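What follows is chain A paired twice: with chain B in the first complex and chain C in the second.
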Partner chain A sequence: MSDFDVIVVGAGPAGSCAALTIARTGKSVALIERGPFPGSKNMYGGVVYPRILDALIPEWWNEMPVQRWVTRRSTMLLTDTQSLSIDFRSDAWGDAPYNGATAFRPDFDNWLANKAVEAGATLVCSTTVTGLITNANGAVIGIHTDRPDGDLTASVVIACDGVNSFLAKEHGMYPHTDAAHFTLGVKETITLSKEIIDERFAVRGNQGVDIEILGGTSGVNGGGFIYTNLDSLSVGVVLKLPKLAAQSKRPEEIIAGLKSHSAIAPLVEGGTISEYSAHLIPEAGLKMMPTLLDDGLLVAGDAAAMCLAAGIWLEGVNFAMASGMYAAQAACEAIEKGNTSAKGLSLYKKLLEDTFVLRDHRKLRRAPQLVLSDRVQHMYPALITSVVQGMFHVNNPLPKPGLRKILKDERRRLGIRTIDLAKDAITGFRSFG
Partner chain B sequence: MSLQWPDISFQDRMATAEFRVHERAHIVVNSDSCNGCTTRACVVACPANLFVPTSDGGIVFNYEQCFECGTCYMVCNEEGAISWTYPEGGHGIVFHHT
Partner chain C sequence: MTPIIGVCVKWIGSQPTSGHEADARFAQFSASDQAALEVALQRAEQQSARVRVVSVAPIAARSHLVALCASGAHELVHIAAEGQSSSAHVAHELAQHLRDCASVWCGDYSLDRGSGSVPAFLASTLGAQQALGIVGISATNNNSLDLLRRLDAGRREIVRVMEPFIISVEGSMATLRRASLASTLRPTANIIDASLAEPSTLSLGDFSPFRPRPRTVQAPAGETALDRIKAATSANSPQKHSEIVTLAPEDAAQYIVERLTEWGYLS
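Moving on, here comes the complex of A and B:
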């Protein structure tokens, strides 16, 4: 007889949604968290898209700990001396059921874990899982922890142990780990008064802004971001690991460079850094995804690389919550049928395939590589901004040049080949079209 | 040209994050590998600046103010030179406004 029907490792959004789903069926579930409280190890860019919670917590928006509801979304291109923004605002995103919200993960994750506890899950914090227990056939039957006599057994273990997932790696679910599949996110939480934020970002009440930035990362492939919290900003960069490692600027210097840009400095100046943080992001999507299930084991959330880094879409918490919920449904079905082998757990794969979790990843499988490519990172922002400058710059007594001529001249000046431009346009269209 | 950003010292920057330090180091570095390493990727990439080169060609490291991100062992090109596990439960980085 096992200690629990299911053990969930990691009380992030994947783990808590898994534990909540299992507890609601009346099965016993332990939710093991290595931090002193759920969310204490977690940091992210800054926006949660919670609609998947409709399935678990009706009218979640009335209780979810939110900083601001995102009603304005900007995509910004930066060169050293120029910026170009596409700025979108929707009043509909300021009313239920909303679209995205800024939230602090220690608040959000803690809230979600407590929903699982209210449903009957056993939350065990301050406990690091150090390995999987397998039987003679290699099936996972439990976990080792760093507590004295801390082994626990279960019919199914769901590994939601985050981007470094030592459990998935230990069990051979990742054939190899490639640093090129990861970016480092570094962030400053910058305290500013609500009034100043409302004024600088042109929002009111609990409305917020999400600014995604291409360029401004000191030549390291990646991107930047600014999110408004209630009375602070989240400002940071994501940096492709091999590119970061191959140059000499440190992460905090790269943030400083972004903050000193003439388009960014007026938004952040005068604020004080109240928290500096860092976390890895699994960026390569479908290409890096591990084996998702084995006998007695399911992998979900960042541990399964279910993070969508596709340039104009940057999502992860929603993928984590959904994959956790689907893993739980598969675990429950397998336990009820008395077959927790990989075959018995295969509903997980089907649920992922049938929903946005793997459908988005499949459609956007080429996007992460394109977005982080040298041309998109280093050439196209310069091309686009110089074409725009050529259009709007009044250079009398010369007459206005035609758009086609500007594009041709700038493309030549930057050394961008037409064939590459066409190739990237096709890849972009296949991903985003 | 871009403005210079008046930044805080690195020590003050790290002091904004809470670390509940455990006596056991969760990072172990094989200094033999470091002595022959020319890339020193961990030195530039670690967001907490935990890896510091020494004059004799080695690297000294701290584990106390670690974000537990995993960047160091991912960028290290010497297989196994940095071995890295999670700290004891309840210890290490504790985020609050992230």
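Moving on, here comes the complex of A and C:
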């Protein structure tokens, strides 16, 4: 007899959605969290797209702890002296049922975990899972923790233990790991008054802004971001690990460089840095995904590399919540059928394949590599901004040059080969088209 | 009858800051409160005693108190109280649940850095001996303990206390053991709920901190500012370090009174 029907490791978005789903079926579930409370790690700086919560918490927007609803999305290209922004605003995103929101994870995760507890899950905090218990056949039947007398058994274990999952690695589900599959997200939380943020970012009330930046990372492949919270900004960079390691600048220097750019400085000046944090992000999509299930074990969330980093789409929490929910549904079905082997848990894979979780990853499988390539990172921003500058620069008495000539001249100046441009265009069209 | 060792702890929720409410997620017990519980648990093991944790705390503290007791306490007395109460009143309420304890262990500070006077009021209410700033136990006898007490400037002294006693320990004395997973999942401490009684109308009189009266001191003499600073700070005078005096107790008391009078602390 097991201690619980299911043990969920990690009370992040994936783990809490899994525990909530299981608890609602009446099965016993333990939600084990390493921190003193869910979300205590507090390293997130992004936008949550909670549409998937419609299935779990009707009208979640009435109670979810939100900083601001994102009603403006900007994509910004930066070179050392230029910037080009494509700015989109939708008033519809500022009303129910909303689209995305900035949120503080200590609030968001705690709220979601409490939903699971209210449904009957047992939350155990300040407890680190140190390993898996397996039977003679290698099937997972429980966990070891760092507490005295700390073993727990269950019919199914769902590992939602975050990026660099020790449990999935211990069980051999990551056949190979490569530093190139990860980026380092580095974030500063900069305190500014709500009035100043509203004025600088042209928003009102609880409207918020999401700015994604290509360039501005001191030559390291990656990107930057600015998100508006109620009375603070999340400003940071995401840096490709091998490129970061190959040069001498530290991440905080790269953020400082971004903040001093003429397009960014007016947005952040006068603010006080109240937090600084860094965290690995699994950005290689399908290429790095582990085996998702085994006998008695399912892997979900960042632990399963369920993070979509495809340039114009940067999403993780929604993929985590969905994968946690589907893992729970698969675990419940397997327990009811009395078969928690990999075959019995295979509904998980089917649910992922049938929904956006793996469909988006499959469609955009080439996108992460394209977005982080040297040409997209360094040459194309320079090409695009130079072409735009050529278009708008008035050089009388010379007549206006044609767009085709500007493009040709700039492409030549930057040494971009036509064949590379064509190849990347095809890859981009296949991914985003 | 199984002896009972009492432990008093103070739960401190996060302080409300401008625009933000207090948040129970950041609530804690001080390291010295945790050390007090650990010492009590160790002594309970030696004496086959039971450990009773008593706390005056708001309802929001309940899960934290239960989690603390999962380390091995046998009983939890939670005296529910939402507002602030005087140290004397808190001690009076704690004492109602500690009268059958031969020893009571407290932390020597709480996270809100309160007055630290509850153990003293408790000792007074229970008619028990009291020792503060304890960093170790140097000897154990039948009904007494020799305790190592911290003094200023890195000095230590050994004090002997006889049961019943109230001891305040420093956080460095012990690290609270981790609760087992089983006791975390299924707390076994017997929980006794109580509520804070209205404070007694009996006045204990007015208390105020002792502050010596100001004295008139001659302005320092000297030609230059530097000379006057030297004179004011006695920088040129021969330094008088601490002196060791060996006297009979009565003479020692007289000596101390004379010195305090000389220094202006007693008139």
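Here, the second predicted complex is superposed on the first by the 431 of 433 C-alpha atoms of A that agree within 3 Å, B and C clash if a C-alpha of one lies under 4 Å from a C-alpha of the other, contacts with A are read in each partner's own complex, and residues count from 1 in each chain.
Keep in mind that, in the parts below, contacts are C-beta pairs under 8 Å (C-beta built on N, C-alpha and C of every residue); 3 or more make two chains touch, one makes a residue touch a chain.
Here the structure is a predicted model, which is why all the values come from computation and not from measurement.
Superposition of the two complexes onto chain A shows chain B and chain C fitting side by side, with no clash.
Comparing chain B with chain C, more residues of chain A are touched by B. When the two structures are aligned on the shared chain, A:261 is found in touch with chain B, with no touch to chain C. Shared-chain residue A:127: touches chain B and chain C both.
Residue contacts after overlaying the shared chain place A:118 against neither chain B nor chain C. Within the superposed three-chain model, A:106 lies in touch with chain B and with chain C [touch as defined at top]. Contacts of A:59 after superposition: neither chain B nor chain C is touched. By the touch criterion defined above, A:148 reaches chain C but does not reach chain B. Legend: residue contacts after superposition of the two complexes on their common chain; A:36 is shown touching both chain B and chain C. Here the apex is the CA centre of chain A, and the angle it makes with the centres of chain B and chain C after alignment on chain A is 50°, in steps of 10. Superposition on the common chain places the nearest Cα atoms of chain B and chain C 10 Å from each other.
Chain A uses residues 36, 40, 106, 127, 145-147 to touch chain B in one structure and chain C in the other. Considering their complex, residues 1-5, 7-8, 10, 13-14, 16-17, 20, 39, 41, 44-45, 47-49, 67-71, 74-75, 85-90, 92-98 of chain B touch chain A.
Remark: chain A residues 34-36, 39-44, 80-81, 104-106, 125-128, 130, 145-147, 163-164, 166, 177, 179, 182, 184, 186-187, 189, 229, 232, 234, 241-242, 244-252, 256-257, 259-262, 265, 273-280 touch chain B in the complex. Put simply, chain A touches chain C in their complex at residues 30, 36-37, 40, 106, 110, 122, 124, 127, 145-152. For chain C in complex with chain A, the touching residues are 25, 177-182, 184-185.
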